[in-house]
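One structure coming up, written as structure tokens, with questions to follow.
Chain IDs A, B, C and D follow the sequence of writing; residue 1 opens each chain.
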Amino acid sequence: MKPPIILINYKAYENSYGEKAIEISKKIEKISKNYGIPIIISVPATMIYKLSQEVELIIYAQHVDSVRHGAHTGSILPEMIKDSGAKGSLLNHSEKKIRLDEIHEALTRMKNLGLESVVCIDSYELVHPLALLKPDAILIEPPELIGSGRAVSKERPEVITKAVDEVKKVPGVYLLAGAGITTGEDVYKAIQLGADGIGVASAVMKAENPEKVVEDFVANAIKAIDKRQ
Amino acid sequence: MKPPIILINYKAYENSYGEKAIEISKKIEKISKNYGIPIIISVPATMIYKLSQEVELIIYAQHVDSVRHGAHTGSILPEMIKDSGAKGSLLNHSEKKIRLDEIHEALTRMKNLGLESVVCIDSYELVHPLALLKPDAILIEPPELIGSGRAVSKERPEVITKAVDEVKKVPGVYLLAGAGITTGEDVYKAIQLGADGIGVASAVMKAENPEKVVEDFVANAIKAIDKRQ
Amino acid sequence: MKPPIILINYKAYENSYGEKAIEISKKIEKISKNYGIPIIISVPATMIYKLSQEVELIIYAQHVDSVRHGAHTGSILPEMIKDSGAKGSLLNHSEKKIRLDEIHEALTRMKNLGLESVVCIDSYELVHPLALLKPDAILIEPPELIGSGRAVSKERPEVITKAVDEVKKVPGVYLLAGAGITTGEDVYKAIQLGADGIGVASAVMKAENPEKVVEDFVANAIKAIDKRQ
Amino acid sequence: MKPPIILINYKAYENSYGEKAIEISKKIEKISKNYGIPIIISVPATMIYKLSQEVELIIYAQHVDSVRHGAHTGSILPEMIKDSGAKGSLLNHSEKKIRLDEIHEALTRMKNLGLESVVCIDSYELVHPLALLKPDAILIEPPELIGSGRAVSKERPEVITKAVDEVKKVPGVYLLAGAGITTGEDVYKAIQLGADGIGVASAVMKAENPEKVVEDFVANAIKAIDKRQ
């Protein structure tokens, strides 16, 4: 993982699975290759294997359970997503919240398997506590802006700057910003405010021209990171 | 779906995914073909696609969420499992219990998609209420016997006979029995008591020779169904 | 329990506890006594004892857990609410949903203790399954109308008539209707459509003059029941 | 709150409510008065009011919900427990776990109301993250020892010493130790290892002579704290 970090969460949108998922993934892959920037896509568990065969993108699960091998019908284990081709997973997304002890246990398991982790959280006050658990990155998303089209970097820039201050208290954890990010400018602003990258979903998944949207994001992310250095 | 119904739940055992899952599935497939009996395997979401490519067995998910397309990070939709090659799903397994309204919504969604459903339940008193929701089958499993090696058909035969009485109040719903089933004799007894088939997990997944265990189950299931007619 | 059944759910409104709860309860008690009609109030667990000392109304809990005596920190047992003066409890309110096996276990426990039960549900398709568990009453509330001020009896009368048809399949279970009920006319209509009574919350708890609102409800409920006979 | 802190969790034991709860509370009160040491009792929500009238002990709830006033049937708000006479609450007990954002929100609400808080946790690695949220105290309890009769201070002393090291990273948060504490010696040892007090449940609630048990605990707690200074 290396900034700028671009994470696209497929959620359970109509194009998150099946042929449509492969189609949009190939468009994202094209931008990733053109710009030489790895892009993370976070996909339904059923699609991890197929997409890992079809595209050269960094494939994440959207959630993993923290239980171990055994009698756990319906659980998705870290070992299972790794076996299918995932390089990591989101954890604690606001649409799939888990408890602190579950985050802790899942992170421990994932580290042992060499899997990356992005832990999501709603409020900057919880960034430091979660950073102590040493995920690879924390993705902060004010829930009221998720899917709103109003970007966190414009509407609530202080959430990003405060979260950046908090995450710096623990070395080695990246900070991503998300919620409402729609334009390349939103991405640029987020990184300027100190974020190491961004998380998006609807802006890409519901776009008429996702290729163009991702290109705009990537170009601005590179520009913002370059300026920072 | 047609009796005798044999459902093997892979749970999250070490051989529920990866190469080991393909290996055991091929052994099960062999018995299925030799005896001309379809066998249901209920597998982790990450494995549905791969196994549907590798073996001619009836592939089920272990759980589906009842939400619809949209912003539902981490959810597994009926549409997703169907797209990956599943023919149906378990619902409400005692290791992944959901609420009545969720069972109802999931069943409605699955029927519209032509997916089969097996709803699990702990006690025979709840068989009639659940049968009213018209799943394809109900799998009754006294929780204290799950994984115990002490078969429901021997230890608590009255649970099966009562469940059979209850399920008959709603035409068109099959009754499977599970929990502790270890030998072909357990299977024979369960069907003799009125069950249309059985659900197993550890007896197969942890067997030294799973092929032999499944063969014993299938042969006895056929014998019991033949005798019934 | 005898129609017309009037159930007022205090929820967690500002006047659901403390002096304000006693004040509004005394107003409700006045109407109950004037009209000779018992009224059920469903109150926070912390208030059961105090209100049972202060007013002659039928006091219900808003929820009970189905666990038994033992190491269950934070659980509210049927025995606890009974000891404090409750005569029964709501179960499975759409704001506190529980699973089918939990409803079943809680009802079994409550019956043994002589406690009444009102099980809430969202859709009429689930009325028959729940009626089989033999609660004293089922309260049907289309969730989109709860707290809306648009009464179920006007906006979706077919929900009530269908629920009434369903509940009649099991003798001895009453059917209450709720969601959006605001005026005496709404109450009258609900009972005319076949309901044995109604459930309300915000219309009373947020009223400027709750006494007048409850009087309007009670008078219309009596009139509708009289007409039915 | 001031060391030595003695917290007795009534859980849902048979004597956690009703006359038996008053009886045992009066015995605890006697020791509290004799030794001039305040004792915290954590009681079912239904009993907060009654016990606050009957005994001079520090009464805690066993759990509070983090929601605000409004349509939240079945929720116990911080305002409700305060109104009934509670001085604080346990949060996140291993038998009533909640999420990190819920702990954070509940603590914020409780502080505004002047309520004390004891957050429970299973493993020392999570002590520092939780201490950052500034509860009054953290109670560490290895789950495998809860109710075991094998004291954390003897079986796993390193859990206490590590937790003490962690809690010191955030000034102003006390550390309590619990799980399996049965004798005064267990209490003495826990405080010697650096704990500011202890949490117990079954050792008192299931004792033949609870008065004697509590006296043994209190005497040893005082002795250990004296020695520390």
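We take it that a residue touches a chain if its C-beta (ideal position, glycine included) is under 8 Å from a C-beta of that chain, and two chains touch if they have at least 3 such contacts.
For each chain, UniProt lists the protein as follows: A, B, C, D = Triosephosphate isomerase.
Because the structure is predicted, anything quoted here is derived from the model rather than measured.
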Where chain A (Triosephosphate isomerase) and chain D (Triosephosphate isomerase) overlap in contact partners, by chain label: none
Between chain B (Triosephosphate isomerase) and chain D (Triosephosphate isomerase), centroid-to-centroid distance (C-alpha), Å: 45
Length of the line joining the C-alpha centres of chain A (Triosephosphate isomerase) and chain B (Triosephosphate isomerase), rounded to whole Å: 35
Shared interface positions of chain A (Triosephosphate isomerase), touching two or more other chains: none
Chain contact topology (line, ring, star, complete or other): ring
Complete list of chain pairs which touch one another: A-B, A-D, B-C, C-D
Footprint of chain C (Triosephosphate isomerase) on chain B (Triosephosphate isomerase) - complex, ascending: 97-101, 103-104, 121-123, 125-126, 128-130, 132-133
Complex contacts: residues of chain B (Triosephosphate isomerase) adjacent to chain A (Triosephosphate isomerase): 9, 11-14, 16-18, 42, 44-50, 62-63, 67, 69-77, 79-81, 83-84, 90, 93-96, 146-147, 201-202
